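Inspection log for the structure reproduced underneath, given as structure tokens.
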Amino acid sequence: MSTPHDPHPPEGAVRRAVAAALEEDLGGLGDLSAALVPASANASLSIVARAAGVLAGERCARATFALVDPSLEVRWHLGDGSPVAPGQVVAEVSGALRSVLTAERTALNFLGRLSGVASLTRRYVEAVEAANPSTRVLDTRKTTPGLRALEKAAVRAGGGHNHRFGLSDGILVKDNHLAGLGIADAVGTARRMWPGRSVEIECDRIGQVEEACRAGASAVLLDNMTPSEVAACVELVGGLRPDGSMLVEVSGGVTLESAPRYAAAGADLISVGALTHSASVLDLGLDLGRPGAVAP
Amino acid sequence: MSTPHDPHPPEGAVRRAVAAALEEDLGGLGDLSAALVPASANASLSIVARAAGVLAGERCARATFALVDPSLEVRWHLGDGSPVAPGQVVAEVSGALRSVLTAERTALNFLGRLSGVASLTRRYVEAVEAANPSTRVLDTRKTTPGLRALEKAAVRAGGGHNHRFGLSDGILVKDNHLAGLGIADAVGTARRMWPGRSVEIECDRIGQVEEACRAGASAVLLDNMTPSEVAACVELVGGLRPDGSMLVEVSGGVTLESAPRYAAAGADLISVGALTHSASVLDLGLDLGRPGAVAP
Amino acid sequence: MSTPHDPHPPEGAVRRAVAAALEEDLGGLGDLSAALVPASANASLSIVARAAGVLAGERCARATFALVDPSLEVRWHLGDGSPVAPGQVVAEVSGALRSVLTAERTALNFLGRLSGVASLTRRYVEAVEAANPSTRVLDTRKTTPGLRALEKAAVRAGGGHNHRFGLSDGILVKDNHLAGLGIADAVGTARRMWPGRSVEIECDRIGQVEEACRAGASAVLLDNMTPSEVAACVELVGGLRPDGSMLVEVSGGVTLESAPRYAAAGADLISVGALTHSASVLDLGLDLGRPGAVAP
Amino acid sequence: MSTPHDPHPPEGAVRRAVAAALEEDLGGLGDLSAALVPASANASLSIVARAAGVLAGERCARATFALVDPSLEVRWHLGDGSPVAPGQVVAEVSGALRSVLTAERTALNFLGRLSGVASLTRRYVEAVEAANPSTRVLDTRKTTPGLRALEKAAVRAGGGHNHRFGLSDGILVKDNHLAGLGIADAVGTARRMWPGRSVEIECDRIGQVEEACRAGASAVLLDNMTPSEVAACVELVGGLRPDGSMLVEVSGGVTLESAPRYAAAGADLISVGALTHSASVLDLGLDLGRPGAVAP
Amino acid sequence: MSTPHDPHPPEGAVRRAVAAALEEDLGGLGDLSAALVPASANASLSIVARAAGVLAGERCARATFALVDPSLEVRWHLGDGSPVAPGQVVAEVSGALRSVLTAERTALNFLGRLSGVASLTRRYVEAVEAANPSTRVLDTRKTTPGLRALEKAAVRAGGGHNHRFGLSDGILVKDNHLAGLGIADAVGTARRMWPGRSVEIECDRIGQVEEACRAGASAVLLDNMTPSEVAACVELVGGLRPDGSMLVEVSGGVTLESAPRYAAAGADLISVGALTHSASVLDLGLDLGRPGAVAP
Amino acid sequence: MSTPHDPHPPEGAVRRAVAAALEEDLGGLGDLSAALVPASANASLSIVARAAGVLAGERCARATFALVDPSLEVRWHLGDGSPVAPGQVVAEVSGALRSVLTAERTALNFLGRLSGVASLTRRYVEAVEAANPSTRVLDTRKTTPGLRALEKAAVRAGGGHNHRFGLSDGILVKDNHLAGLGIADAVGTARRMWPGRSVEIECDRIGQVEEACRAGASAVLLDNMTPSEVAACVELVGGLRPDGSMLVEVSGGVTLESAPRYAAAGADLISVGALTHSASVLDLGLDLGRPGAVAP
């Protein structure tokens, strides 16, 4: 599996998220417990994976250490998108023990959560690619409020792809929209209002897919269909739009079990809310390298 | 189970999180797809649970609708801390269809994620209370960066209790601190530096517990011990500090299976990182109330 | 001409811009001059156009008055997208004279600048529509730093359409990109990396247009071509992609004189940087309604 | 012409404006198109003027490149206030092609807009100085919301001078104020309330000028008078306040044609809203230095 | 004594300061102690002065209660600038006891600190006016970082006047500036660079005062002179600038004892750093109105 | 006297406060007066104490100079917590004279105010320690809005200790709380709601102290008692809680005179609002090192 493009989030999103997380953790008095440790104690510690997965969040962890204490030295052995095995050292941090202790939890929270997203994405990508190498796994807008840019970058680190970022950069007409207007109308109005943009229509049944095809939509999102229903839609689309100008996306409660079946049915895209809304953290810890690693 | 105290996060945390989430989703052009719907179309929709759990995030959802369109009417049937059953209506929203569509995902992202935390908390609380009614379930600092205040409120909504909010409001001396100083030293220095505050010591073995007891710590955090090791520690603490002035907390990889065993072993507190770092969202949707619910 | 879709910017963009503008103008001491006027003086004033054009910025002006003094009454006679004639009253403001004086410049700065953008857009749209009713006028990213959302809304108010908002919501491969990769490669990589998104290629010569057509691009941007070169490209595209699946956009120094010629040459889209980077303000003033309009 | 004082805006204003502009442009996913270019491609590009004018905005452009990628090397050939000729190289940028492409538009938007303001200012200053070397050209508060500090610095770069920054740092009693109080009252109250500050009175007719003179105002702003009316006012002021303690400012629809006539009539100051509200951008581009400038 | 002009700070400054103060106090978990009080308990409390002074900060206190709980009812008996006597009721607050307790300290901190500034100002103003009714008391830039707008408003509430707000809105050439340039040069350059603005020169000895007079400065700031030295300077200025166009300001370690002596010596302005840098708080408390004021 | 722990505030609090203070002072045009000084003039100046006290605020002053001009060289002779004598040099600053002049007031405002807090704290600490070496001096929440983190750090620099930071990190049940619930109830509810946290009860009379003791409170705050009443309470607590598990704090109008008497009466903690609400600034100035220190 390749991660051919930049998995990193925009620098501004990193900076803001890290500053907010540190303010949250440091509060008004700073780290009461680290103040107990002698200021002169230095240490060398390692960020170690305690489970297998895919790394993400390096930029955030890097920014955390730098903000807490610019004199800390951090050597990264792995970067975003790298697979990690239990026990593997991700990075080494050395410098004032107080500073490392203060930064620890915030850095690990970013790495753990974002690597959790990347790791789950990788599992979906591997399952899907085995069934159909041309099917891609996408994220959704079911992200953690305020962390969307970081989580979508983690999906890229895991080998997945990004659906639209938000309401402002893609047209997706869902069932609740269709309560107020017809499919052909929706496509026509979208083409007129927002020229040059892709228009995707959510479909619950094959009749809507045909309507969307004929109206010239760019993609259909098949919601909660079975693999065989999807296969029928794929066939229909292939007949009506043989130039491949319409993509078929599957969505709605897709699991690691059902994803390969949808891929085998010929879906171009499978979008999975769970990538961001239900990934468990990847367990990582910060270990003192060896006895005597703390120098007074 | 009672949730005797205010489960809501501070209003400032709500406002900031909701504004950030809406900016993230609305981008620079606003909702391209909602613009396809006639401005005059009104609708009445329901937020409906699709799974069982405990509600949290009402304040965030409320603020989301208000910020998108103050003229939307939202009637809440349930509040934070309420159990919800699949199919149950949580709230009804009526007003301009465009506005409801624009607010939908952000409101549901807050409700889903925070109710997920509350729901998992409730399961731990019920399991623990059945084993030992005086044991309490606590959260940790393993929260989502930037959302700690909201997630800790969701833990309260689920019937759990809050450990320290961050590094600034509690002293917890962990193994990496003890690399640089002894337990008795740590307690003494903490009492001198931060008079009037509780001092908790992380212990990996019973010998440390005894040392912490004798040093006058306020609590011990037993890390990764077995239930029978915990029981031994509880007995030791009961002997050395018979006035109950030292609490015994268990932490480290606690699961729904092991939590009741720790409770039965006599732990006062069980802290569970998974409450916030690995809760799945509670599935909620926004449904058109009935055919004809959209009025042009 | 119709302005079929919502010309307003996202509410968050309005709020932030207005708050920043007021802080800029009010400084630390507030309005020194308004303090000279008796606090009890009330007045009724009118926002009056001093030139012909198209209105935009109503939401910003409305927010300005509300932030300065919520007790001011503002009645709007016209909304965004309305044509205005010299002397026409746009809105009436009544309440404390001090407050009106304090809000005046900020409100007029928003209205003047954004109406300037809308007015220039309308002139381009009318010129283009007369030549070819199916050609649309688009904005660019050559906007005022920090005001892009407001200026793009003003373009919509003027009857124009929005190109991509920024680098994150559209793929446009320009000459400087092509220094590093070929057209076919660019299209292929874009389709693989960002499935479901439109891909546009900037072309300086007809050979590149053919290459982009064959590579399956969604659109070509013809940079600095003459109308007859554009006509040749339109013909080529019509032959190679007869289903209309590729749009032809013209850009680069387009003027009110050349725009209709490009439209007549068959361009689908004409993007004009001047809409936002070189529009003059629409002249508007705040006039006391009549002698005696100030009541002590 | 000399620009004897620091033309640069306060650093905080630069930082905030650049961060906002980059967030606006980079959105949540960053630069989709730059991601198509190989990460290893390096390039050397030049910022080149395509028209004659005066440079401004260097600090903003510098901050833009630094924020996008601190490893970019930028060599500036010219600074704020320098005249530029078509084809002249303003700066050279070298480093990762991706980074240069990402920063390009934001950097050029700042340079173009602010140099546009400086260039128009310079034209007014030259026209006015030729007619009367002691007359100065001033800006107004008719600036772009949120960019006032940058635009006023650009006016300085163009050789103009700054009127008050906002409502908090200067007293200017305008016609709408005078609806509520008399001139002598206004001057007296201002002297009492805000001791030590200049007090300027807007006058529509010579009778008001006399009143302001006798009341001890620091300056009069002659609004929409003809050059000969201005000359009469200058003579009157010279008679009544022979020590030069009262300045005569001309304002209201001043053009490049009328400005020298007002200068010749003896105005001390001519303030021109168009400097900031209607300046066209200075056209600047980013060019690859030469064939082969991109190194893979 | 009259406070003829608006003593209130700009609304934006109030909003920002209050939001920051509440975040500081409420932290991440909100008010732990108020949560112990039954949610249903209502109360009626009074803000009561415990010492004599002058009120300031009403807008901040008002905003504090509104932000904590918009349903609280607050009736103000006194406003900014009003004298208060020990035991006098400033305002009455009624509503949820929890909310009142949560807002109490933040509201009192604003009222206490700002009323402290107003009260000390009033004492200086009264002392000075008794000695010389035409002498005014001014503040300085020695304010609390971040609170300058509020403290300068409190000075106005106390009957004092505002010196320049900051470095951007007034020219004051101090001894350290004069290390790099002469007085006549300074005045000339200032007149050229910043036309229309007052220019004040700090003088340590009478020779500098003469130089400033002849150079046409707008004011002199006499630093650390004795009253009789001040009298000599006043006489000199009266002779050289008989039209009163130059103000004489006294500054530097002025006390309540020395201020009237400087006033009697003829100073126009006396600026006192202590108004803001060394005012004690005015003691105010929040009292339960009467037994039984809390209703469950 | 030792200041055994880190007296510095969290870096984020420093950064935010300094940026806000500089924006406040620099406004939109920057430093008008410094622009009069030749850009090439360099100087070497010293920050000199003009009175005796204890230093605090070094981090803020350091950040101020760095933000104004990173090329300034600042050498610190003393750090937070150091005693200073009149005339003693605290730091030397050299570089562009303009930059030093611009940063001067903001840097001194931080140093003066925070050193004022540290100095007053030191006086209380010395008075108290002489009377009873085991009594500690604490701050309160009566801090300057927005500066609490900096002021609490200054208290630490002065040798004092920090009470709770805000409402979110400590339980203190005051008289107004007790209007709504009894002492035993309060302690019980607090233990149940917020396990592991200290619970302090404000007492006006000895009967309440006994109730709090028996209810298991962690501390009592004796409000406005006389030293002999305090002694009686200390004796009572010593009898009922002989293990020292309950701290006795004295508060309410404590002065430098009364503090040692409370200490002698056996109070563990004495909290003094005046430390932050009524400290005068420590007088510090910026002096040119010697004649000829300015080099053109």
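For this structure, a couple of remarks:
Labels for the chains are A, B, C, D, E and F, by order of writing; each one numbers its residues from 1.
The rule is simple: contacts are C-beta pairs under 8 Å (C-beta built on N, C-alpha and C of every residue); 3 or more make two chains touch, one makes a residue touch a chain.
Keep in mind it's a predicted model, so treat the numbers as computed, not measured.
Any chain bridging subunit D and subunit E, meaning touching each of them, is among A, B, C, F; the list is complete.
Repeating the B-C interface with over half of its contact pairs identical by residue number, the matching pair from C-F, D-E or B-E is B-E. Chain centre most remote from that of subunit D: B (centre = mean of CA atoms). Centre-to-centre separation between subunit A and subunit E, using Cα means, comes to 52 Å.
With each centre defined as the average position of its C-alpha atoms, the distance from subunit E to subunit F rounds to 23 Å.
Centre-to-centre, using mean CA coordinates, subunit B is 33 Å away from subunit F. Inter-chain centre distance (subunit A to subunit D, centres taken as mean C-alpha positions): 44 Å. In subunit A, the residues touching two or more other chains are 5, 10, 24, 26-30, 35-36, 148-149, 162, 165-166, 168-170, 189, 193-194, 197. Those residues of subunit B that touch subunit F in the shared complex are 4-5, 10, 136, 138, 161-165, 168-170, 189, 192-198, 200, 218-219, 243, 245, 247, 249, 268-269. If you check the complex, the residues on subunit C that touch subunit D are 17-18, 20-21, 24-38, 41, 43, 45, 60, 97, 100-102, 104-106, 108-110, 112-113, 116, 141-149, 165-174, 176-177, 179-181, 186, 189-190, 193-194, 197, 274, 277-278, 280-281, 286, 288, 293-294, 296.
Residues 5-6, 8-13, 148-149, 152, 162, 165-166, 169 of subunit B are the ones touching subunit E in the complex.
Chain contact summary for the complex, subunit B toward subunit C: residues 19, 22-23, 26-30, 35-36, 39, 67-68, 98. Remark: subunit F residues 24, 27-28 touch subunit C in the complex.
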